[in-house]
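Labels for the chains are A, B, C, D and E, by order of writing; each one numbers its residues from 1.
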């Protein structure tokens, strides 16, 4: 299940455009800023920087990656942005976590916003894993957290904004630290690409998880179609739609990054972005496959239901059409007329039973000819 | 519920093109014109201006915003338009409130027309809030008023036309008065953008309201599917379609404003319009999400109905197939044949009852094997 | 109901391309030609012109509008066309009234063909309005006549071709006569625009009429869903599809007229055509709204049917499941076994009745718990 | 019914591209070649030409039309093609009669391939028209033969390839012979256009025939919905889909011929091709109309079925709910309890009958209130 | 049935982009490399080449085709690619067999990836063809293997990568050996085209096989609609969707190869690629036809089900409505009232039977009038 909310914008109405107002879920933690500087020779990583220290940081000669956790603190975001001369509309978009994925090119920097998916980690339960918490865990296994990530790609600086600590960027951090791959030899644009790539990779994992949700549904719709399964299929469809709506503009965004001639993106990195574009297309196709599986499940469900109805009706009809005529015959000879000569005949009773048996047999043959039994 | 009407154009047929004829709902109030002049240093606001005074107003050196409430008064609209040299086709479009959102560029001015949504305010009930009026209020909470707004964006003048007093522009008026934000330092194109932005923001609010209408429907279709809920879903779908039809050309209109090279729009304002375009796209996506929720509700409804039918049929079939054969057996021994030796056997009655009980038990096992009970 | 036929082209197969052959419904009246000449100062109107007079008419210095009623007379059409140097393919298209709306530009003239809708006028019934004829009239109120209009727009001449006398151009004729509006001061292109505008305006009227047909259907599908209403909805859908198929190429045609650089259309008239284009788009949107109403009616119909089935099944099930077990009990004590001790007990009869009443009450509680009653 | 087959290509796999291998139905007749030469002054027509004579034919100064019946003879096709320097890929496409309609431009010639439809002629039955053969004929009336026609349009030569003798080109042959129309005064491109025009005209005839198949279906689905009619509708839909799939690329092909600047097509002929393009569009629209009729029939069918079910259930429910309670009452007084005081009352029997009648009347009123009867 | 799996990418997450990691099914065999060199004069074919020998191979003056079976061996792929200066992203795509068909142009080479379909060969069963293994074979006949083929087209070298030995290229190998066709006289681009052509040809064969799966389904849905057939139709639809998703990007890829100006593809080969493009389009259309057959089967299935239900209900209703009233009459005269004068009448019994017969006959006439029997 994807965890998401529609956030109300009512309190924002009437403000001047470009006024940053936080919209979205709020982190309880204080704002955390980390700074990573690197070049081909090495890297330095600093956390627990105060905002003032950050602002006072000299412009790097190498590449710097500033990561900000906690966009609900509008003033921090504003000050960092102003330090680098970011437009007020961009500031507004960073703190409003209800954005559509997009890329905007400004003079001297690119602004990229997209959705990061992450499997939600469970808080440790103090009393150990009870049966109850295990069941809970099985449900949570499907809980996917959606978070907005904003990237500012400047000449030698990349700034990433998110609300919650914990992200999918740890492999990149370790590559930066131990210098594996070519990442330290390349510029800020390549770092931006790496961050996007890490986020898109996560969609593959997620779709594999969702596929495991579809398989049991496909069995259930044949064996035991119930209204609950329709609700489940609808929930699944909604999740897929949500992902699709998030991926579709991501596709467009990556396409524009990889094809349009922006001076911020080197020809080399463009090649990697073209590859990333192929990935996004591929994810979209897997997604469409899953959507068709879900629709197919609904079709199978509906035909299961009508088959079930069919077989119920068959039983009712077979029993009724056999016994109702027989009961009528029994009713005839239960009448109390004085003048009913048959009643006195010695073989009347067994003959009546025989006629009844023959009628029933005839009915059964008729049903067999209709392939009902 | 969106309040709207199809207006008849029958009385307009046969007139020369460009003849302004009012089409739409009519305001009872007299025409009201307000004029706001402002520059970076201050602003002046004048209402209750006579038409002649307005016409005689000198062309401003700063920015002037003229707002006209009451487009049913064709002659007023015509005179104001002629004062500023507006084409007769534009005059016709202003008074015809059944327009499609669009932007037309003319020599020296832009003509923008779109739909403003507004939650309808209740007239105060004199006898105080009774239970009845409260229920009424709960219904009206969903009543949304649609009104056409026409904007003329000239070099240093913005003229806005609407039919009813009361609009979503009050926050802009107060920003102009107290000089918050950069609005007073910018030109008429920015004011035009602000008016559009205020109208589009209102769509967010509206969609949140509509979402609250969908939630109870989703519950009802599972618990108590009735034909009334189908009518409700259809009404909802129709409202969403109406909004979509209003938003789709709005999207195109904002796109053209933000991308096409019109000399009326400064490069700076174009940046804000690009942002507005993102908003419109976002609203459209929320809308599509709601449309899919509504369609999904319809699917759940249909499957609820067939499940309900299924369970009704199951009960009927179980009762019938158990008792019809038993009744037949009872009928057999109710026959009045003289020669029925079983009737005289001492254990015949309890044996018959026993056979009946076994038959019933067999039937129940069969139903259990079919998962019907 | 739209009156239309598919005309057979079988007799045309095998002829050389460009051979004019009349295809379509045939007027009984003789061909009627009218000529209107006008300039800013005045206008002259002549009917009952013989073909030879028409051909001999000098080329006007002002604007001339020639209207021909009766395209089934191929020779007349041919001679008029040849007088003005019209291509044989155009001649073929004029007499074939089964054309798709389109505009073709030729050297020196534009050829426009589209569908004119008109409410059919009833022939006067000699015996006065009887009850029967009134009912007839109520039906005919919905009868819409579709006729093809071909326009040739030359430099200073407009020629319009139609089959039947009576059209939607009378307001234009009177504007030409009394000089209202700017029509007499403008050229042949503006006259062509006016004719198109008059035809498109008629679509609004027609759609309002169709809407009045949908409203009673919407009620009927809820209250009394019958197969007849499905046939009605299908007929409505077919009419709307027909209109859509006629309007869609009209839209394209007007678009090409308003945007493409044809030397036949002045920049001034192009502005009016842009406005006409907005009208056509608007008509198309109203049409799509009506199509969705019709589809929605079908959905409501289907769900009404299944609800009705549901309630029928409920009644059957309630009655059956209450009385079938009771009848079985009665059957038990109707058996004629000699040894049935209960039969002799004094309170057996009222006790049996009591058990039956309790069973029935239990069943009713069960049904209430299932929300069936 | 359209007669068509999917031809297996299995025997072709693995051959070098450009190897001509015949795929398709095979004519039993020997290959027949006819040659028609013409210019403005006259025409000569030769059949029964040997292949060697054909190859040795001098290049004409006027226009020559070579028609080949029997593309299964690969060597003939190859030799003719090589005579005119046709590319091996084109040769392969000519003998493979399972092509998609298309136009390919090569250096010095155009290659056009499309599907010719023709009503299949019945072989004469020797024993005269019996009742049986007449019924057969009525069925065959709907049998439509689909054949692939390939056209090579060179500078002064048109070569047409088909498999079966008999085509829709006879009117063109007679126009060439008796010099009607302008065909003899025009070039090879115009002849090519005439052949295409004759083929497209045939689609109109065919669609009229198909329409006659839809009308009885529309009646049947209301009056007597049976599974057979669904199979018929599906067959109809399949035919329409087949035609659509054949027409859609034909549309594109004619569009490219009429718009693209190919030196093979004169400006004059291009005008005629533009007209042909309008025809193809028109045929496609008629086709879409028929498709919607077919879909509508399916909808009416489904609603007829559920209405029928509804009325069956109503009858069952009315009969059951009236008689089941009455039978229960009769069962009560059929019990054999010794102590049933009512049995001895003198008016008990008529009173019971009266109660039964009242119950039945009450039921009937209930059904009437529900609008079931 | 198409054999395919979703491969997990989980182990790949977090690696640097361009790191080749094998994703997909794994061949058990060792990697096999074959090299074929050819020019117009002859060809040489070498297998069992060690990797070092391959790397040391001099750059050919003629055309060389290197085929690699076993892409799971990442190091081999890497070394070969590095020998020819292939980009690391391409290396990554070659070993990841879960790619979307595409063409990427790099400096000096084209990278083409697509899906090869192949009927899976059965391993020989040692105990001979038993009845059981034959049945197995009939099932396997439908098992289609999907394998990814990557092609690198360099100036005079083509390198093809696949996982499993055995492919559809044997006819090309023999053409190369015996010099049939023009293949030896043409360059590496033509060889690339031949490989693509062989793969696309295979789709025709496959679709013919799938068609044989649809035909029995179409019969079954009419004769014996069961839920199993729905599952089969869904499986079929899924296969078709899979093929469509594989073919759609193949179409785009071939289009780009045939139209875009890449210096790697000669004008001559481009003509063949245009032909291949027509083939792909044709395959796609056959595929769409099959998809519509499958959808149509589902429609027929659903209507079969409801017809079946209808006929079941008819039988139940006929039997019930005939016998329930008759049973009631019998019940009346089974009552034990003391005062029932009819019971003593001599003709009462036959008269009652007569009334019953008349009632039944009336019912039957009613049913006939309703066309139920």
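Here, contacts are C-beta pairs under 8 Å (C-beta built on N, C-alpha and C of every residue); 3 or more make two chains touch, one makes a residue touch a chain.
Computed from a predicted structure; not experimentally measured.
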**Item:** Mutual neighbours - chains that touch chain A and chain C alike
**Value:** B
**Message:** Show me the overlap between the contact partners of chain C and those of chain E.
**Reply:** D
**Complete:** Between chain A and chain D, the Cα-mean centres are separated in Å by 45
**Request:** Could you tell me the distance, in whole angstrom, between the mean C-alpha positions of chain D and chain E?
**Result:** 27
**Contacts with 2+ other chains: residues of chain E** = 306, 309, 313, 316, 320, 324, 327, 331, 334-336, 340
**Asked** Which bits of chain E are touching chain A when the two form their complex?
**Response** 6, 8-10, 12-19, 87, 89, 92-93, 98-100, 102, 104, 224, 226-227, 230-231, 234, 237-238, 241-242, 245, 298, 301-302, 305-306, 308-309, 311-313, 315-316, 319-320, 323-324, 326-327, 330-331, 333-336, 340, 342-349, 352-353
**Message:** Residue numbers of chain C touching chain B in their complex, please.
**Reply:** 168, 170-172, 175, 180-183, 193-194, 197-198, 201-202, 204-205, 208, 211, 222, 271-272, 274-276, 278, 281-282, 285-286, 288-289, 292-293, 296, 299-300, 303-304, 306-307, 309-310, 313-314, 316-317, 320-321, 324-325, 327-328, 331-332, 334-340, 370-372
